[in-house]
Structure formats: structure tokens, C-alpha cells
Amino acid sequence: MRCKTHLIQNTFRNSIQIVNDNTTQSDKPILKVRDLRTSFKTGRGTVTAVDGVSFDLYPGETLGVVGESGCGKTVTNKSIIRLLPNRVTIYDPGSVVDYRGTNLLGLTESQMRAIRGNEIGMIFQEPMTALNPVFTIGWQIEEALQYHTDLNASQRRARAIEMLRLVEMPNPEKRIDEYPHQLSGGMRQRVVIAIALCCEPDILIADEPTTALDVTIQSQILRLMDGLKEKTGTAIILITHDLGVVAQACDRVIVMYAGQIVEMAPVRQLFHNPKHPYTKALLDSMPKPGRSGHQKRLPAIEGTVPSLFDLPDGCRFADRCQHRRDKCEASLPELVTIGEGTQESKARCFYPIGDAQAVGEAS
Amino acid sequence: MTERNAITSLRSKFHLSRRTSRTVWRLPTWSFIFCLLFCGPMQSICLAQSEVVLHLPMQTAGPNSLDPVRGSSTYDNIAASYVYETLLEYEYLTRPYKLKPCLLEEMPEVSEDGKTFTFKLRDDIFFQDDPCFEGGKGRKVVTDDVFYSLKRMADTSNQPKSWWLMADTIEGFDEYKEEQNEAEEFDYSVPVSGMVKINDREFQIVLNKPFYRFIYTLAMFQTSVLPHEAVDQYGLKLSRHPVGTGPFLLDHWETGVQMVYRRNPNYRDVRYPSDPGMLEDGTAPYLGYEEDKALGLYESAGQRLPLADKVVLTMFPIPQPMWLKFLNQELDYSRVPAENFSQAFIKRKRTLRPSFVEKGIRVVPLPLLDLIYNGFNMEDPGFGGYSDEKKWVRQAISLAIDLEEVNQAFYEGINLLYDGPIPNGLEGHPEGHSAEVNYRGPNLQKAKALLAKAGHPNGEGLPKLVFYTSRQPQSVAMAYMSARKLKKIGIKMEINSVDFSELSEKLREKGAPFFGLAWGADYPDAENFLQLFYGPFQSPMSNNFNYNRPQYNQLYDEVRVMPPSPERTAKYEKMRDMIIEDVPMIGSMARTRYYLIHSRLKNFKPEETFSNWVKYLTIE
Amino acid sequence: MSEIANEIVNAELVEEKVLVRVENAVKHFPKRGGLFNRVIAKVHALNDVSFTIKKGQTLGVVGESGCGKSTLGKVVIRLHELTSGKVTFDGVDISTMSNSQLRPIRQRMQMIFQDPNSSLNPRMTVETTIKEVIRLHNVVPESEIDAHVDQLLQKVGLRVDDKTKYPHEFSGGQKQRIGIARALAVNPEFIIADEPVSALDVSIQAQVLNLMMDLKEELGLTLLFVSHDLKVIDHFCDSMLVMYLGNIVEEMPCDDIHANAKHPYTRALLSCNPITDPDQRGELTILEGEVPSPYHPPAGCPFVTRCPLKTTKCETENPPLLDRGNGHRVACWEVE
Amino acid sequence: MWAFVIRKLVYNIPVYLAIIMLLMVLLRQRDPVAGMLGKNATEQDYINKREELGLNVPFFVQYGKLVKSIVTLDFSQKVWNEPGVTVGEKLWTAVPRSLALTVPALAITTVISIFIAMLSAFYRGRWIDRLLVFFAVLGMSVSFLVYIIFGQYFGAYKLQQWVGSPVFSIHGYESGIWNWPFYMLLPVLISVIVAMGYDTRFYRAVMVEETQADYITTARAKGAPQSKVMFVHMLRNAMIPIVTRVMITLPFLVTGSILLEEFFGIPGMGYVLLSAIRNNDFPVVEGFTAVFAGLFILSIIATDILYAIFDPRVRLQ
Amino acid sequence: MSAIGKMMATREAQKLWRNKSALLAIVVIGIYLLTALFVMAGGITRDTCDSIVGSNKLPGFFQQDSPEKRYENATTKFLSKIKRALTAEDVTAALKEVKLGPYHAADKSPAELETLVAKIDTLAAELDESPNLDIDPSILPKLAELEAAESQLKAPLSPWEQFVHNASVCLGTDSQGRSIFFRGIYSIKIAIQIGLVTALFSVALGAFLGAAAGYFGGWVDHVVVWIYTTFSSIPNLVLLVVLAYAFTNSAAKDTLLPVYIAFGATFWIGTCRVIRGETLKLKEMEYVHAAQTAGFGPIHILLRYIIPNTAHLMLINFSLLLIAAIKSEVILSYLGFGVKNQPSWGIMIRDAGNNGDVVGGFFWEIGFATALMFVLVLAFNILSDALQDAFDPKHV
């Protein structure tokens, strides 16, 4: 079994290769999100959970979305696939989610249904509850096929078995007739992935797919997703709060804070050269392996995330930022491109780390 | 481009082709399907009009037992009288009541001393066809059947409710009862000295004394004649499976809901009474003849009975459905409950409201031989007793209670108030309904004065007056009304509303100091009311008051063997006044029943002292 | 010379003083069924577990969900009764004590819980929550209670004004601080922290870890720190227990776990833990398969179903936890 | 499964015995004999009657007798107030009539309520949901008795006057399937209206809970149309509480509805039972309660079994 | 109760306060409570409810009485009392006792009264000629004259008495001539009393047993489950009626105690079940573990940690049971085992139903009782809905 390690290493390398190819060939993005602004009607008034998010997703890449709970990462992605409760959700009229030239926000519910599961698949955080407990997993996979393909019953079953095999479910012919509760968490997550992928979507949105799993299972699932991306060419949006997962699995990363993107960068750049103080602080506050920091205080970010009901006028990170200056509290910085060449990154900061001086003085 | 190839390959493998958006079943479409569920088949009832069917109500959940010996309530009486017959019956239309032979050829011959009665049965009387008989054919009624039926009243295993009718009446019967009940098996074949069989059709009954009321007893449903075959065959089930000689057969009985009777095809030739015509001296042959004639009660004269082919008797424990069914023409008549009186009547004239008249509804009033009273237990240490003081206390209570108010509040003022125990229409009823000396309230001054005289000014020193009454909301409300009056003279009254069974228990134990009850006439003779106060009839027999005054008992012993005469009436009045003076009971009220009938119902002259008149009814 | 030696011995004695000793702890959760509701199966939550915690030491317990690490903590503080075995606290056997006997001991050992949202009684203010505990154990005289509470709150970094608030008015990190304050209110010597930071966001996690670190230093606490996150254990603890399916598979000091970890499971855990460096990605040991059901653990080594080193011996015999010196114990046939 | 059933049955034996005991003790607070004999009975009659009714023996002997007759399924005791009728006959005639009333009522109520509840849950928070919930609450706020009184007056009497021919019977009962709508539909509709409020609210709460479940999101993410989400995913899961509720209601079906039966003249069990209690007819009350309690316990067990059928997660132990 | 007080400060409570219909419901319930207090303080006594204020069944404002009715009113009730008093031995004393509703005999000499009575009798006799006054408009002046004479028999009412009298007949009277309005209002007290006592008792008992069963488990749990299974396996109707019967001969029979016991014995089961389930959940909450590790005894934990946290369920159950009690009272009263000796909505509805008032087109008694009950029950229904919304996050 140890030989697998080598194989995986290769896989990762390849995927990075592809991303690089895409970006250099300036392949057209498969999904363009522009100025996405999603609000909710609540008992205490309207609250804007996602505020002006824009990004592109290219075929075959894994885009990481990272941030703390409540920062808007899940809402962003549920907005894309329009799974938020209609009654309380307001999409800003200016928002655009452009999928292959169609604005998803403008589609009717039935048109959207043809997209969901078919063009865009989704994986959820809790494999324990994401599957319907009263149907067999085979039924649940076949159901998706039934909506989006013309396969007959036996073909659907064959396809479902095939999918289970694809997600490395042992003994799929037997397992297909089992109920979710008969499977372990990791196995259930595989089933959820199989459902998401059975119609071969162009985009796979994975919302914290490994948070509820143990580390040894987490690595299995991450490896599996990467392998599948390899085979199907699906673009993945990977939502997580775990920077370790991001480092392991993503090509590009979006860091969100209080409903906004604060930094967007290729993964290496983000980890080695974070521009936004929040990103930097987040990286620093992780316990590091090795003896250097053992039993020392961690450089924690003091304070708490501002409430979405009561956002500051200026930079939303300002009151926790060690580098804040007067300007930060006065006005909200834009998400601007910082850096050079292919290592291009964007940050929402007046004084980005590294060339903070320069920007700061220029202004 | 590699990833695109991968997709194509998979797709070709599984013939994947993307569907265009599907048409969806919208939710509202389901609602139609569910709505369809409601469209069940509706049908209307069609009544076969070829036969005459009477639809009559009964204001109760229904009779318990149709066995003449076991039954006790009025409702048992009514339901049994369709099927069973007695030796004598009352003439349907004649008033005052007049007995006539029913199973008998002629009225019994009474010997000089009034103790021996000689009977002769009709020759054409057969029991109803029933499987209990050989070949299922009803056999002829013979003397032994009469004796057998009477003897059943003595058999305690039958739990007879009416032994008091026979107690100390027929020669040797009491001894017979005692002997047979102590024996291992009750032997019906053992003769009773007072029951003398002459032949199969003729027999004599010898009494201990010339009890005048005996003749009435023979018209009461408890003495109905039934065959021993039915008892042998059905045992306890006889209660639900009557086999008699009457005009109707019980077709089926849905407990608590309905009883259906059919004409007895073998019923002997009995005819509707013929018009007697005005007497030669120009007077009516009986009270109310002109009215009967005008109402067309003689239109069916001479027709063979019963006039109806089928009778549907429906039970109504609650009034609303009965009212609705009556208004809806589904019932032929209905009693008007007192509470509803003013809805149906112009009170001033006691005539129906125009809205009812328009529907062709007619009203038939029936004053009842009723005694509604509140009784004292004369053996109660608190309020019983015969000393003057105790008497004054009771008189004071009587004076405090305002019966007129009760009458107005609960009976729309239609009840008749009178003094003493003898209702209107019987000998001994006080003239103008009011005795010369009486303690009818309200007269609080006098009441207070009497209380003070008795040594209890403002009720001091008197225990709580514990009153037992029925659970019926109306009775309870009445009790509270009286309690408020009594409070004014300082007497506290505690009210216990109990079921009739509990009340019976209390009375049997002599445990109810004060209680609300009513007595309806079994036969039209004041003796039936006066016996309620006869000492030897104390609880557990009919004397609930446990009233026991030697003079009274002596008078009663005298009157019960007297035929109607002015002397007897005088004695009745004397007894009445004793009761009024001693106040073992506070009263009295008699109800008037108002029957509403639809115009289609013919020959309707209701009666509650006897109940076998359904055979005369018919509809157009 | 002798003096020095003496001093060393003394120092060692002090240092080596064992506060908590767990011997052969076994905990089974029964599963009932059948005609007469008899026990038909058992979850082997703890399977013959023995270890000691020395005074002043911080012992980490790491393992995957369901491995019995939380049960271990709860057994030590008597939230669960042991099926067999013994727990000694400061030389006293507490595993058979009655509740009232236990009360003085409970003052000396406290617990910090995982979920800040459920670890505080929603119907009690912060003040009541803390005061109640202080009163129960008569930690300070009644007159000083208020001051004591204020002091505690300040110590865990909360505003004193907030003490009349209800738990829902606080954020997750603050709630965890309240939980810590409650545990500290009775001046305990020993604290069991059951995944105290795993429910918190990354930025908050660091705050709470720092706080616990400060308090540990300041109050000289002994800690049993339970977590599924090896990084946190590595960062925070002196030594650690690695548990798998109710068994301790390895115990070692945290000095350099990367170099010293011997057991294949520990090694797998180490490599599975995503490293926050995209350059190091992919150097993972992927463990195949799933954790076996705790109802039916494998006959031999519990790890046998997933172990890359397994031999036939592993399938039949459970390897003993052998001391490899320097406080390092490993349970594996294949490790020398 | 059989082990489960047997264990449950064994477990419920003490419950069953306690039910019988409790009932007998409560009933024997009253003396039935006096009422039956009437006031003219003698002391000897009284003793005879007690003997005949089996009340003269010590309580535990009576208890043992009753338990024995229940265990041997012997319902041949005599009804006290209706000579010659056995308890068994009484129950077997009355219960089917009650069932003819209660079973359709339950079925209609359940189907309509589930439908309305789904509609309501689907439009949760919108005016249609609020309206439906409001009507449910409105319906629940009026007394059953008022419904019956007015239902009979308007539904049977007035309707008949307006239509000109009988639509519903005012009062009365006849057996036979074709007579059912005429005699029973109105009472059934009344009880549906009464029960619908409760059921709708309950089912709505169930549905709302289900709509928030994660697997609903998964299904929607699959592209499942709303109808499939509601009628396949949601309903199947909601079946568990629905089945529980319906099963719990089942034993009560045999008790019938005393008010409806009395007003509409349906000779069902409720009617029989109430008059039996009023008349101290112990054998009827005891026999019926024994049957009811048995059904109740069986329905609890059946609920568990159905639970396991509808929910694959549940294993009968 | 302090737990409830504290709960009111929570987020859930704020959610409740924001719910406008719930606020309205609370206001309505408040009004009912105040009315009940007013009645309890003696504002309306039992005697007021039982006293006969007239035979006029229709409410005063509803329509003018028909001439027949007017004739009846003028010639029966009061007149007959006066007539009887005039024939008494001590006329003046008897006259003093004459009372009908608020009316007393006028302060006139017996001779004057006798003249008046004679006048009325003549007028009445003249009117009596007519077969139906309702369809004969020519009699109206004479009728007015009759009424005028009759009113002279009565002592004039003080403004307050007049007001009370108007109030008492404003919704008409029942079949016994008692004020529907006062009876209905008085019944609020009874309903609230029955509802509160029953619900409080059932919730307290159910919560205590449920919490104990859930928390201690083991044999305690078995016993509690055994008891409630036993109680719930007896048909509710049988249990209610048999329990109510058990009081027939006791001193408590005229009080509300039998009703309380009958309801209490059957109502606690649901609460017990719910609280037991919740306790099983709460028992595994970390704060309960925290309390255990702190060394608190089981009773302390039960009282401070478990039961307060089921307060929302208790509150919801309380309001549901209150509704159930008020509604069941009607059924029990209908069966004759409910409230005795004082008015209640159940009795009013039953009387109207039994008396065939509805058939006679007389909807006032049943209508008023139903309306009062409806509003209260509706308010509680809305409130319990709102409570459920507020406290059960899943319920939304």
C-alpha cells in the first residue's frame, strides 16, 4: 500500500500542470461571478451575507474558498446553484453568475433544475445527513440520472455501480442496495460525491466536504476528488475553513472575511506571500509542526468577526488588524491586483503586506 | 482538452443525453384528486308507501327489558304494550277512564263480598307465532297461562319490580312466594289457594280482602299474559324477545336507537270503538266526546285493529334530533319539553305559534296524573319525626319554597300546583287545587315565625338539610333555586345530584333526609297515591317517606277495600289533609304534556297512564 | 556531591509525583436486545488502558472519532463508571467512591468541554454559573465570592460587566472562556480538556489555546488534553497518547514526534494531517479502509485492518504496549 | 422481530394487569346493585343480586376471574343491564358501527391534513401558509359539541329544507354500504372538520422539519423537481411521525365518538360505553377496556414494527 | 417561575414579542384574566348569575319584542308576584319580599296596587280576546297602556340598577330567565380556574415525573413509564367519567375538585412523555456533565439544570393543556360530570343544545358561550403557536 504515495504525488503534479496550462492559454472561464450580492430578510431586518463577490472559475481547476464560519463562503456557492430559500433571499439585480454565457440568477426554477446536478454538482459538509435515510444509495444515485438522462432502469443501475466504483467504494454491486446508515461517514461522503458526479457536471461545488471526517478519511476523500477531477475535467470549488486542506488540494484560493473577498491568489503565493493582513494572521495562528513554536503563545488574531448586522464603514478587518491606520477605519478598500506576472493576486487592503509601504505612501 | 474527451467517452458508454427541462406536475393538480374523494354517492331514502308506517319517538335511550315482570320504567311499559296484553284494558276514548275486557270475554264477575273474581277468557286468543312453540305456531291462551304469568311476579329470580301490586292481595299468594323462593327450585305447578282454575277458559281469583284496586292491577302491563314456552326457550333473553298476544310483533331492536314492530297477522278480530252517539238526554256519553267527534276520532270506527302495519319507535336521549326530525316530518308526533314550550306556543293562550300551524302541526294537551314532590324521610333525626316542633320546621320549609317560581322558571308556568298528594281528576283532589289549610309558599314571614316557634329562629340549631335529586341539569337547577329560598329563612341545604340508582339506594337505606321525586298514576284511583304514605309500605317498598301514622294507616286499610262512594271520598280528603298537615312532602305539581302532531296522524288521543293505544293510530 | 545528589533526587521526587494513575481501565457500553433485553453486544470504548499523569504535566490524547479518547477523559472524572480497572487521583482510588466521597476530589479536578454552545446552562447567567460552583465547594467565604468571580473573569479575558449576561449573548470563543473560568473557579489542580478548541474557528482557536497556555503556566495545572488534532496536541502538550479503537497504541513525549513516532497509525496520522504548505503537498500516507466497528473489533491488533505493515501475527495477537525507554511506549509487533 | 414482539408483550403484561386492576378499583367505588334492584328490594334480594353478579367474593377473586376470562378470550359474561346479552355480543355489534364512523373519519382527516400540511409547509411563511394555519387554529378553537349541534341543525335539517330532499339523515342508523353516506357521512365530516385542525398543525410541523433536512438540499442539488422532493423524499421521511400518530390513534377508533353517536343515533361503542358506565354495567366497561388496552398495547408494538418498515435505520431489538 | 422570568429576556422571547398576533393574543388573554379576577373579587356573584331577570329570551338590542312577548312579560312574572303578595296575610311584609330581578314592588299602598292590578287585569282580559296579538296592530295602544300600568307596580330603578339590568338582559336570557351575559362572563372565571389549575397541576406533575424518569433512568424510569402507559391504556372517556363518579358522594362533589382530578389524571401523561424525552436529550448536554463534574447532586441538577431547560416545553404544554381543559369541560359538562352548581360555558352550550334552542332559532346562549370560549381558546392557540415558533428553532 505504501506505493500509493508515489502515485498521488504524481497526480497532484499533473493537476497543477493543467491549471498552469489553462491560465497561460487564457482559456475562457467556465463560470464568471460578478458582483454577487446576496441578502436575507430576517426578523431583525435585511442582512447582506455576500457583498460584491466576483471571481472566475476555469475548467479543470480547484478553486479554494476559505474563511471563518459566517464569512459568506457557503452563501456564495449556494447562490451560484440557487439553493437558498427563495422566500428570504434577495439577489442584487446587478449580480451576475455567468455559466457558459447564461446568467443563472435570471433562470426560472425549472430551468435551474436542469442545471443542478447536471451541469453543476454539489457536495455537502455532513455526509451523515445529506443522504435520504429511507432510500438505498443506489436509488439516490439513479434518481439524479433519471432527471437528467434518458437511461432506462437497468442502464441507470449499471451507471450507478460504475459511479460507486469510480469513487472507490469497495464491493459496489452489493453496496448499491444498502441504506446510508449502513455506511461509515467516509463511505457516505463517497456516495454523495458519486451523486454529484454521476451526470458529469462541469462544476463541482464541495462545501466543506471533509470537515466532519477524521483526518485519515479526509485525506482519502481529498485524494479521491483530485483523482476524479483528473478523469472528468470537472472544475471544483472547494469551500473549507481548514488552511491545511487548501494547501493540499487547491490551485487558486479565495479568502473571505465578513461577506467579502479579502484576498484571491494562487495557492503557493497565498501561503508564501500573503498580501492581506487577515490571511497572514490566519496563517500565523495555526500551530506549526516542529519544535520551534512548541508550547509558545500563538500569534492569535484578537477580537471577533464583526456582526453582519453592524458592519463598520471602513475595512471590515480594521479593528482586528495589527497594521491598521486611520484610513482603514474611514473607507472600505477595493479588491485590487497586487503583484506581478502569473503569480498575480488580488487583495482588499490599503496597505498590503510586502509592499504595504509603497501603496501606503502612494495614497 | 483532455477532460472533454473523457466526458465524451463516458457519455458514449452510457448513452448519456441531456434532457431538456421537463414539464412538472404542479402541486395544485393534486388538489383536484383529493376533491374527488368527496363526491361519494348520495342517495335519498324512499319509503315504501304501500303500507301504513308510524314513526314514533321515545324520549330516552330506550327500554331495558320487555319482560313484563322485569320491566319497571314507563318506557319498558310502552315498548312492551305493543306485544303483550292484559286481562283488562281501558277504553281508548272514554274519560274518565273506564275498564273494558281485553283478553276476557266480559268483565269479571265479582262476588257479593267482593273477594272472589270470576273470569272467562276469550276463545280466539292465540300467542304470536314464534319458534318457541311446537311448529312455530302460536297456541291458544289458557287459564294456566294467566296463573303462570301472575306467579312469575312472585319468583325473585326474575327480579320482579312490581311485587307490591300483589303483596297481601291474593289468598295464599304471599305464602306461595315465600315457600317457593326458599325451595331449591321455584315450582310454578304448585297451586295457589286464591287462584282457582275452573277450566281452560274459566278461572277464579280469591282475594284476602275486597281490595278494590285489584281490578286496576289487571290492566297493568306487569300482569301481561305470556306463555311458559317462551320463558323456557329464551330465559333471560325474553327481555329482548317478547312473545305475547298483542297487535304487534317486535321485528328488530337496535339498542338505544330504534325498535321496529310489525302487525301481528294472527291478531284476533278487534275493532276500533264505534261512535256511541249523543245520549238520549242530549248529553255527551263521556267527557270530551264532542271534541273527539270533531277531531275525527270516530272516522275509523269499526275498522280492524291494528290500523298500522309497521311502527318505528325511535329513541331520543337528547331533544334536538327529535325536534328536528319532527319538524322534518320524519316523526308523526313529538312531546314538547317544558323548556321548549314558549318556542312553540303563544303562552297566553297555550296555542301554537302561527309558524307551526302553517306547517299543519296540531297540539294535543294532556294533563297528567302526576305528583311531583320533594319528600322528607320521616325517620331522619334532623327533619323527620311527628312532634309539633319537627312538623313546624317542615311546614316552614314548605312555606319558604316558591313552587310558582319553579313552575315559571322550569315549566313555563304550565304545571298545575295543588295541595296534597292527590292529582287533579281523582277523587279527593282539593277543590280549586288548594286545600283550606295549606303550607304552600312563599310566605317567608310565616316560615320564619314557625321556625322560631319550633325553637330554631333563623334556622339556628338545625343541621344541614341534605337533598338528593337526579343528575338531570334541570332538577339540579331547581334544587338550587329552592336552596336559595331556604337560605333566606336560615336553613342550609346541601344538594346531591345522583343517578336514579343511587337515589334508590339512598331511599332503600332510608338515608336521604330530603329528596326530589315524582309519582305517576298506575291506575286512576287516588288510592294509588295515598298508598305512598301507608306505614307498612315503608322503604324498601313504595313509602319513601317512611311516613307511619296509625290513624292514617287505619284509614288506608279502610279505603282500600271500599268501592267508590262519597264516604270513601271523604276519607280520601281526610287522609290528604293529614299529609298536608304533617308535611312529609312538599308539593305538589302535576305536569301537562303537550303533544304536537302532524295532521297526517289520525285517531291520536295520547295517554300516559296506559300505553297500549298505538294500535288505534294510523296515518293518512 | 551528596547534597547535589540529594537535591536531584528531591527534584525528581517532586517532578515525578504522579497525580493521576489509570490502571487497566476497561469501559464497555452495552447494547441490549433479544428476548429478555440482555446485553447482546458491547462497544469496547476502552480496552485495558493504563497510563499516568505526573503533577504539572500536560498529557495529550489524540485519536479519531470513536476511538475512546473522550470516554477516557470522562472515566477519569467519573462521568462514566469504569467497567473494570482503577483510577487513582493523588494516591486515592476514586473509581469506587460514592458521590459524596467524591465531592472533595471533584474540587481538585475539573473539566473543560468541547462545544461552547452546549457546555453552559442557557438559563443561567455567567455569574450564577460560576458562583454556584464556588458555593458548593466553599472555595471562598460568601463575602468574597463577588470579588473572586470578577477576578476569574478577568483572568480568562472577559469583561466583568458581562457577568450578568446569559450564554447566548456571547460568541463561541467567549463561551469557551466562561467554561474555562467555571473550571478554574474551584482552584483545581487537574483539568481535563475535552477537545476544547475543535469547535472554534481558526482565529479563535489560537486565542483559546493561548489562554490555556497562560493559565497552565500561571496556576501550575496538570492537564489531560483530548483532541483529534495532532497539530494542537503537538503544540500544546508535554507528551501524548495515541488511541485507536479503545486501545493506546503509542505513548510518547511531544519532543519531536515526527522523528520519534513509531507506530504505523501515528505515522499515518502525522502524514494525513494537512500541512499548511502547498509545496509539501502530496507526501501523504493514505490509510486505506475504514475504522472497524467498535462492536466487533478485530481479534488481534486493532489496527490490523488498515495497517500497511501487518503480518499474520498481527491478525491473531494484540501487541502489548511495550516501553521503549524515555517514556515512549508502542504497541506494535513490527516496531523494534 | 418475533423476539422483539414477544419481549414487548411480556414487558406489557404488568401494564395490562395494572390497567384491569385500576379500572376495577375505580368502578367499584360505586355500588351497582342498589340501582338495579330499585328501591323496593329487600335485604335478601340485595344479597342474592350481589351473589348473582359475583360481587360477593373478595376483590382479588373477582380480579382473578376477570383476568382469567380475558386471558382465555372469553367474553361470555352477561351484560348486567340487558338481560341475556353477553359482553362479546355487545362489543361485536357496537364496535363495527363505531368503526364505520371513525375509520373513514380518520382516513379522510389524515389524507386531507397531510395534503394541506404539505401545501402549507411548501408555501411556508407566505400568505397561503398563514391562511391555512389560521384556519386550522380557528377550527380548533370551537368546541366539538358546538360543531355537532350546529352541524346537525344546518348540515342535516336546514340543508334538507334548502335542497328539498333529504341529503343527510338527521338521526338514525341503518347498516349496509349504500346507507353509509346518508347516515354516516355528515358525522364523519363533522369529525373531520374537528380533527383536521390538530392534524394539519402536527403534520405541518413534521413537514417543516423535513423541509429543513439536509437530504432535501441534496435532492434539490440533484435537480429534483419540487413534486419529487415533496412527494418522494419528504413524504417518505415524514411517514415515520405520520405512521406513529395514526397508529396511536387506531385503538381509539373502537371507542367511537360518544357525542356524535348520541346526537346522530348511531348505536356505536361510545354510546354503549357511556350508558354502561352510567348504569354501572361493570362487565361491559371491563370487557371493553380489556379489549381497548390490548389493542393499545398491540398498536404500540405495531407502531414500532411499522417504524422499522418505514425507517431502515431502525432495527427491532 | 423565575426560570420563566429569565426566559422572557432571551432571544426566543424577543422573537415572541415581535410576533404581532401573539402580542394581540397576550392582550386578549390578559383581558380575560382581568375579567376572571374581577369575577373572583365578587364583581359578579353566583347569585347574580342564578337570579331570574326576565323571561325575555331575545337580547334587548336585537329586536323589538313581539306583542305576544310584551303581553306575557307584563302579565306573568311580576304581576303574579304582586297578586300573590296582595292575598297574603301580612300584605305589607309580603310586598316587601316581592322581587323580580332588580325590581321591587312600588312604594304604594296595597289599595293603590290593587287598583293597578285590577286595571291591568281588565286590560289583559280585553287583549285576551285577540287570538294572536302579533298579527293585530290595532291592539298596540292598549298593550302600551297595559305596560305602563304594569311598570307602575315596580319601584323605579336607580340609574345603576337600570344599568346592571340593561347589561344583564343585553344578550337575552336563557330558558330559565337568567342573564346570558352575566353567566357567560362568570364562566370566564370558571374556565380560567379549571384551565389554570388543571394545566398547572398536569404540567408540574408531568414535568417532575418526566424529568426524574429521564434523568435517573433505571427503575425510576421503568416505574414512570409503566404508570403512564397504564393510564393511557384506559380509554380517556372511561377514566374521566369513572374518576368523576368516584366523587359522587364526597364532600367535594359540588366544587371543581372532581373536574381537576379527572383532567389532572389524564392530562399529565403527554407532558411527562415530552419532558422525559427532552431530559434524555438534556442529560447528555455538556453543561449537565459540567454540573456533574463540579460535584452537584442529582436533585440540584434536576432542579437547576434539567427542569429550567424544559421550561419552554412546559410553557407550550401548559397553554395546550389549558385549551384542552377548557374544551373538555364542555364535553364533561355535557355528560353531566363537569361543573355543578355554577355556570360554565360547557353548561351553557349543553343547556342550549339540550333545550333545543338552536332548533327554535335561539342562538344567543350557545352563541355567546361559544364566542367567549372561541376567543380565549383562539388566543391561547395563537400564543402556543407563537411559543412553539419562538422556542423550537426547527419550527420557524
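As written, the chain order gives the labels A, B, C, D and E, with residue 1 at the start of each chain.
Just so it is clear, a residue touches a chain if its C-beta (ideal position, glycine included) is under 8 Å from a C-beta of that chain, and two chains touch if they have at least 3 such contacts.
Because the structure is a prediction, the values reported are computed rather than measured.
S.K.: Would you kindly count the fewest steps from chain B to chain E, each step being a jump to a chain that touches the current one?
M.R.: Counted as steps through touching chains, the separation is 1.
S.K.: Using only alpha carbons, which chain's centroid is the nearest to the whole structure's centroid?
M.R.: D
S.K.: If you tally contacting C-beta pairs, which pair wins, A-D or A-C?
M.R.: A-C
S.K.: Go ahead and note the Å separation of the Cα centroids belonging to chain C and chain E.
M.R.: Taking the average C-alpha coordinate of chain C and of chain E, the gap between them is 61 Å.
S.K.: How many angstrom lie between the CA centroids of chain B and chain D, rounded to a whole number?
M.R.: Whole-Å distance between the two chain centres: 36.
S.K.: Taking the mean of the CA coordinates per chain, how far is chain A from chain E in Å?
M.R.: 62
S.K.: Centroid of chain B to centroid of chain C, CA atoms only: how many Å?
M.R.: 87
S.K.: Which residue numbers or ranges of chain E touch two or more of the other chains?
M.R.: Touching at least two other chains: 248, 350, 353, 358-359.
S.K.: Please set out, as single numbers or ranges, the residues of chain C touching at least two other chains.
M.R.: none
S.K.: Listing for chain D: what residues touch at least two other chains?
M.R.: If we look for residues of chain D contacting two or more partner chains, we find 30, 124-125, 149, 153, 157, 225-226.
S.K.: Along chain A, where are the residues that touch chain C in the complex?
M.R.: It is residues 1-2, 4-5, 8-9, 11-13, 68-69, 184, 186-187, 214-220, 222-223, 241-245, 247-249, 267-268, 271, 281-283, 285-291, 293-295, 297-302, 304 of chain A that touch chain C.
S.K.: Using the touch definition from the top, list the residues of chain D that touch chain E in their complex.
M.R.: Within the complex, chain D touches chain E at residues 12, 14-16, 18-19, 22-23, 26-27, 29-30, 124-125, 133, 137-138, 140-146, 148-150, 153, 157, 201, 205, 208-209, 212, 252, 255, 258-259, 270, 273-274, 277, 285, 288-289, 292-293, 296-297, 300.
S.K.: Chain C touches which residues of chain E in the complex?
M.R.: For chain E paired with chain C, touching residues are 3, 6-7, 9-11, 285-287, 289-297, 304-305, 308-309, 311.
S.K.: Using the touch definition up top, name the residues of chain B that touch chain D in the complex.
M.R.: Those residues of chain B that touch chain D are 22, 24-27, 30-31, 34, 37, 40-45, 61, 64-65, 67, 70, 72, 156, 159, 161, 163-164, 234-241, 254-258, 314-318, 320-322, 324-325, 327-328, 330, 499-505, 507-508, 539-542, 544.
S.K.: Where on chain E is chain B touching in the complex?
M.R.: 47, 50, 52, 55, 57, 68, 71-72, 75-77, 80, 84, 88-90, 93-94, 97, 128, 131-135, 175-177, 248-249, 253-254, 336, 340-341, 347, 350-351, 353-356, 358-360, 362
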